[in-house]
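One structure is given below, encoded as structure tokens.
The first chain written gets the first letter, and so on, giving A, B and C; residue counts start at 1 in each chain.
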């Protein structure tokens, strides 16, 4: 599906997921899932609740350990020191890989004891060891971009859901990550505030950020994604360009899904 | 300078530099047990007075009886801030000064009871105020009188909710009971100190005292589980 | 009675020295036990059994034995192992060890109830190990635990009174010596009670203050 123009410098897609399998007890949540995100592209993962979408994302940065399969960020295998997957990474190495990926959570997961500004500079200063002035400068630029510069000294408890999520996006961007992971970023928001967050995500995609987005927002997926990955019950059922997926889904399950979540 | 070997309940005599110092004997062990009995008896006396009395005071607060509010709240606030040692000394020395002659045992029981009543009052009060109002309202709608409502509906449930906190307070009282040494009582801690002073080997009696306290606490916790189990059977 | 209180007032300096000792022992004890409690809490939440077991044993022991017994152990029994502390230091050591156990259990309990979300975010952004604990987990745990730490601090102040039995010149000891010298038991001990009550009120006011700061940070 990808051509030469989309490749990274070293020829590899930014993010590769190969044969990902994860079971919780008897429950097979992910079964041999494979996908890739090339540099500058937006891949949207769609699917009914319980299809394993969130687990997929949490496996990518090793918040959950997959039972089988491999995840590659560039040429680095996530979780293992060697590409073959025999030797586990140390906590330090894992942290370093995670710092190269920016994650935006469904429930924002802001640090409540820190102000908005402190939330954004915390990881750049204490994980990437950037000097304070640089971190603050970056943070303020990002806050202006998401329209929240006047909230810089507020605590997350004072913010609305949409505002918290925009801070969450700014926090992820501050790490200058190679890929942005979005875990149903608007699912916990009131309908009125969904728009403000979607707007920011649209801009990021248009800028050429590399994004993997798990979402229910069909309109956003149709208009912004370079590729749609449809997952049902842990398996990839369809993988295609959005125009194709929404206009003429190839499988029955995709058809049923689209009927229920019909795009206005 | 070898330590002796345990023989039938008696440690053998140790020699230090030629002179003979008595090691712990079975008589010492018995005095430890007697101290433990004193600890348990006096703590239980305090508990038996303190739990119902605390409940009574909590009811006064909960029912917003006017003058009682101020008195009880002041009492609880003061006593919860007062160490047991200080309270014991106050009671033992100050009461005779105003004419009330009391012996060590009475002073000890009074001290423990006054202390634990204040904490129990707080526990019961929290339990009473957390009790769902709708149960009271439905009982009243059925024409139940206040005493009846309280006795048959509220008390059993509140007692069950408060049980862990009440038992916790009992173990706290037990752990505070060594304070009664200042009024002249020989409890298990003081007995252990005495033995240690005589034998110049404080460690064995202290460790035994520790074991005794742990055993008593264990019994309390077990009793709580048993009480919880029997009330669940309903 | 009024005359009694005036006698106590004349000897206020003694009472205040006792108060100062109580305050000194308590604040140092609370501070140090909290520091060690932070380390113990991390040990209790560790996945390493070699670390968890002995820490758990120590914490459980401290919650089973009376404070006075531990103070005696430190003062009378440790010398036979070569550690000779004077009564003041023994008192402080006992306070620190005893309350480190309680502080650890408080922090551990709060930590276990903490929602995973902010900790997940910490891991996702590359925090791990000591960094994760000190910058992400601990601030939230301490903020949530303030009321319980406050209660424990009140307990520490009250426990210092036990140390009068090993002749540490704290508040109750001072009141007792005034009492036995001038035979003013009521006045002396009521004054001591008033001062204990004042110390506890300071802590309670402090907790309320910190709670207001903590509320917005939850």
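One rule holds for everything that comes next: contacts are C-beta pairs under 8 Å (C-beta built on N, C-alpha and C of every residue); 3 or more make two chains touch, one makes a residue touch a chain.
Quick caveat: nothing in here was measured; it's all calculated off a predicted structure.
No other two chains have as many C-beta pairs in contact as B-C. Put simply, the chain closest to the centre of the protein, by Cα centroids, is C.
Here the CA centre of chain A is 58 Å from the CA centre of chain B.
As a whole-number value, the distance joining the C-alpha centres of chain B and chain C reads 21 Å. Between the CA-based centres of chain A and chain C the separation comes to 46 Å, rounded to the whole angstrom. Residues of chain A that touch chain C in their complex: 61, 63, 91-92, 94-96, 98-99, 101, 103, 105, 107, 109-113, 122-123, 126-128, 155, 157-158, 171, 175.
Every residue of chain C that touches chain B in the complex is listed here, in rising order: 61, 64-69, 72-73, 76-77, 80, 154, 157-162, 164-165, 171-172, 175-176, 179, 183, 185-186, 189-190, 192-193, 196-197, 199-201. By the touch criterion given at the top, residues 77-78, 80-87, 89-90, 93-94, 97-98, 174-179, 181-182, 189, 192-193, 196-197, 201-203, 206, 209-210, 213-214, 217 of chain B touch chain C in their complex. Taken in their complex, chain C has these residues touching chain A: 117-118, 120-129, 131, 135-136, 139-140, 143, 215-218.
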